[in-house]
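In the two complexes below, chain A is the common chain; its partner is chain B in one and chain C in the other.
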Partner chain A sequence: MDVVEQLAGSVTIIEPRGRIDSATAKEFGDCLSKLLNAGRHQLVIDLHSITYISSAGFRQLLIAKRSTQDKNGKLAVCGVSGEVKRLFDIGAFGELLPIHPTREAGIASVQ
Partner chain B sequence: MDDRCVETRIRNQIAEVESVAETVSQFCATHNLSNQLLVALGVSLDEALSNIIRYAYGDSRDHSILVRLDYEPGSVAAIVEDDGRAFNPLSAPPLDLAAPDRDRGFGIHFIKTLMDDVRYVRTDGINRLEMRKRIV
Partner chain C sequence: MSAALNGEVSAVSAEEGRPHETSNTIRSFLRRAYSAPILPPTARKPSSLIYNADDRPSIAIALSNGVQHVGLISINLVYPLLICRAVDAPIPMVENLLSVGMIVLSFGTLIQVLRLGPIGSGYMLPSTFTASYFAPGLIAARIGGLPLVFGMTIFAGALEAFVAPMLNRLRTFLPVEVSGLVIFMLGVAAGLAGLRTVLGPTATPVNSAEWVVAAMTLGSMTALNIWAKGLARMLCALIGLTIGYAVALTAGLLNPALWLLVDQAAWLGIPQFGHVAWSFNATLIAPFAIASLAAAMKAAGTLTICEKMNDSTWVRPNMRSITRGVLSDGLATMVAGIAGTPGGVNTSTPSAALSSATGVASRNIALVAAAIFFTLGFCPKLTAVLAVMPRAVVVAALMYAVTFIMINGLQIMMSRMLDVRRTFVLGLSILAGLTIEVFPKSVSMMPSEIAAVAGSSLVASTAIALLLNLVFRIGARKTATLNVEREQIDPQKIENFLFEQGKAWGARQDVTNRASFGVTQLIEAIAETCWKTGKMVVRASFDEYRMEIAVTYPGERLELPEERPSIEQIRDSEDGARLLGGFMLRRNADHILSGIQDGKCTVHFHYDH
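Moving on, here comes the complex of A and B:
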């Protein structure tokens, strides 16, 4: 897994690529917590370049969501389609994580 | 070698799961399997193996976990064998998706939902989990 970071004003966009599984979830979570600890509290996670995400990865997303709330920040998820969307549906994660149809909508939601 | 069956062994270290994900990816490419099958196999094996590595062993020794992928007409199977403590994932209670602050127990829920047939047997101190999915 690689993680590409981009800035859009005060918003940080994180685009992981590859698999977010038990072998890579910690690295993904560390990346998110480093951003939060560095004061980046408006995060958009774009998942359109991932192959899949397993429960270890979802756990990191939920941890990051709680951390952003604790810091009065906002976190949004976008780029969820196909099999990744199915994984979100199986775990009913759409109820726990705010999913947006486009990156732009995700950015707007955390500003 | 018959490429319908791929067998590998990993140690009980979470980083080793990555090599299984690579094996699954190659196996799916070899047999021209769909992205849906790749995701089902990849996620189910990740859940099964991470559960074993995290919870199955009461010691700090190295253990070997067997992973086998079988391609058969009409279906694929992922088989995992470990010598950890007896654990039947099928006996775990169903996940309550309405529960607040839920972030545990998803692994088995993913396996049961993504695969068409899941069987567990314990023989001579070995847990054997067989997860099968139809090719449609």
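Moving on, here comes the complex of A and C:
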């Protein structure tokens, strides 16, 4: 799994690519923690390049969401469609991890 | 004195307590039947919906939407009307039968939206007369008059209620494409039966004015449906009927003697049940049973539409809710027969489409629609207007209705990947049905046992489809196995195995996706704690109705919670990902079972196809 980072003003956009499973979830979680520790508290996670996310990946998203809240920051998720959207649905994450239809909407929601 | 006083006091308390208890009982009944939410707590309202099933819109919105639904459903009154015409029922009797029909529609709508015991889905899904029972009803009317129609309708309703809990298991014998075929042939049979009443050898020849009226009626309904917007489009059938009446009046097709009966009909009146008598004919079991199964499958399909419409997180049909809905549909048809209505009822698919288009799917609308039906049932003047409908208008309305039924059937058939087996099942069955319609005398050349079944195009095509479907299942199941070593887990290799097999077997992509997620998520969840050593065997099997995956490994069982673990459990516990994984695996499959034998655990995943 690769993670691409971009800045849009004060917002950091994280774009993981490939699979987020038990083998890669820790690496993904560490990447998010590093950003938060570096003071990047407005995060948008764009999942459009993700082909698979398992329960381990969802756990990392929930941990990151809590960490941003602890630091008075915000975390948004966007780019979720197809099979990955179905996995969000079966995990019943509708209210826990609201999905924004576009990256722009995600950025607006954390600003 | 004191005791007497106490006695008096306690007596008064008891008297006061009764109304209080009664009101509590009523309140609790209403809460269970209506107020309690029907959508699951995890449901999310789709952005396209303004009011979901559990929302309560204002009275004005509820009223306007209720009127639209009743207007939409009104077109289907042609089915009981045509059955009445087949037995030459006098106009006052037709007027009364239609009034009773309105009450039945009200009852059917109510028991669908209220949840009484095991009955009713709770969704906004009004009842309507249905084409399903039209062709068999016409046969029954010709053989034994209205009592036979009523009696066979009771049988059909009882059968629908009986099969309601078994619908899922019947899928193997009654697959989706065969239900599509049944619906298509229902449309064909109903359309041809209607046309025969004006073009058949025994029908009164059609005059030129009738052609004009029929063309204007059908043309206006179609044009409004294609080009109009808003309310005019929603009510296109009702407006088309009104235009048909107006043109028929201008062309002199409204018999003044009959119109006098409308004039004489009262604005208010109580429907009568003196006409009710029932009879039964075993030779009609087959057509009514097929119509009943078609109605059950159609109701299940419409209820699925409602579930999807109300919940953006919808994953798969809730069979408990569908069973309740189909059960209430069957009971409404039984009541139609008992009350003496010429034809059974069914959930209205166009109504579900209307809810989707308007974004208003609140259960309150169903209550309003039921109230309107009920009121119309006590308005003989209105049912008298319907009873004298000129045949040109009736047939045009029927053509309009069956067009949608036929295309709906075709869409259902085409929703499946039509491999060689299904092509033969559908092609030969349609051909058989059309043969009976075009060459009805061919039935007399058959042995009497077969002729009893083959006498109706609907029965013949369905019977052949069911038979061929069973025969062609021989050799349909395929299997493949993959071994995975604990030390060499490669999720990509497992995915590739399932995707390659799925493609080779012709499995739907969404089913293969679910199967692939099931196996890879299971391996992730068990790799750390439950499966520590040895070889895992993944055995996949497939036929056109299901994909089964059995995963066997040496080790312990994985917990598969029915409720999602709390956010704290997922996030803060080391077991969080595993617990969530178990929950997701349960939600991902249609059925999941796990068991241990001789130190080996097997997890069975079942996916409907």
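What to note about this one:
One rule holds for everything that comes next: the second predicted complex is superposed on the first by the 111 of 111 C-alpha atoms of A that agree within 3 Å, B and C clash if a C-alpha of one lies under 4 Å from a C-alpha of the other, contacts with A are read in each partner's own complex, and residues count from 1 in each chain.
The rule is simple: a residue touches a chain if its C-beta (ideal position, glycine included) is under 8 Å from a C-beta of that chain, and two chains touch if they have at least 3 such contacts.
Bear in mind the structure is a predicted one, so any value in this text is a computation, not a measurement.
Of the two partner chains placed by superposition, only chain C is touched by A:G94; chain B is not.
In the superposition on chain A, A:Y52 contacts both chain B and chain C.
In the superposed model, A:K34 makes contact with neither chain B nor chain C.
Residue contacts after overlaying the shared chain place A:K71 against neither chain B nor chain C. By the touch criterion stated above, A:E83 is placed in contact with chain B and with chain C alike. In the overlay built on the shared chain, the residue A:T24 is in contact with chain B alone; chain C does not reach it.
Residue overlap on chain A between its contacts with chain B in one complex and with chain C in the other: 19, 21-23, 52, 54-56, 58-59, 62, 83, 86-87, 90-92.
Listed in rising order, the residues of chain A touching chain C in the complex are 19, 21-23, 25, 52, 54-56, 58-59, 62-63, 66, 83, 86-87, 89-92, 94-96. Residue ranges of chain C in contact with chain A, taken from their complex: 42, 44, 312-315, 491, 513, 517, 520-521, 524-525, 527-528, 564, 567, 570-571, 576-578, 580-581, 583-584, 587-588. Residue ranges on chain B touching chain A, taken from their complex, read 14-18, 21, 35-36, 38-39, 42-43, 46-47, 49-50, 53, 97, 103, 106-107, 109-110, 113-114. Of all residues in chain A, only 19, 21-24, 51-52, 54-56, 58-59, 62, 82-83, 86-87, 90-92 touch chain B in the complex they form.
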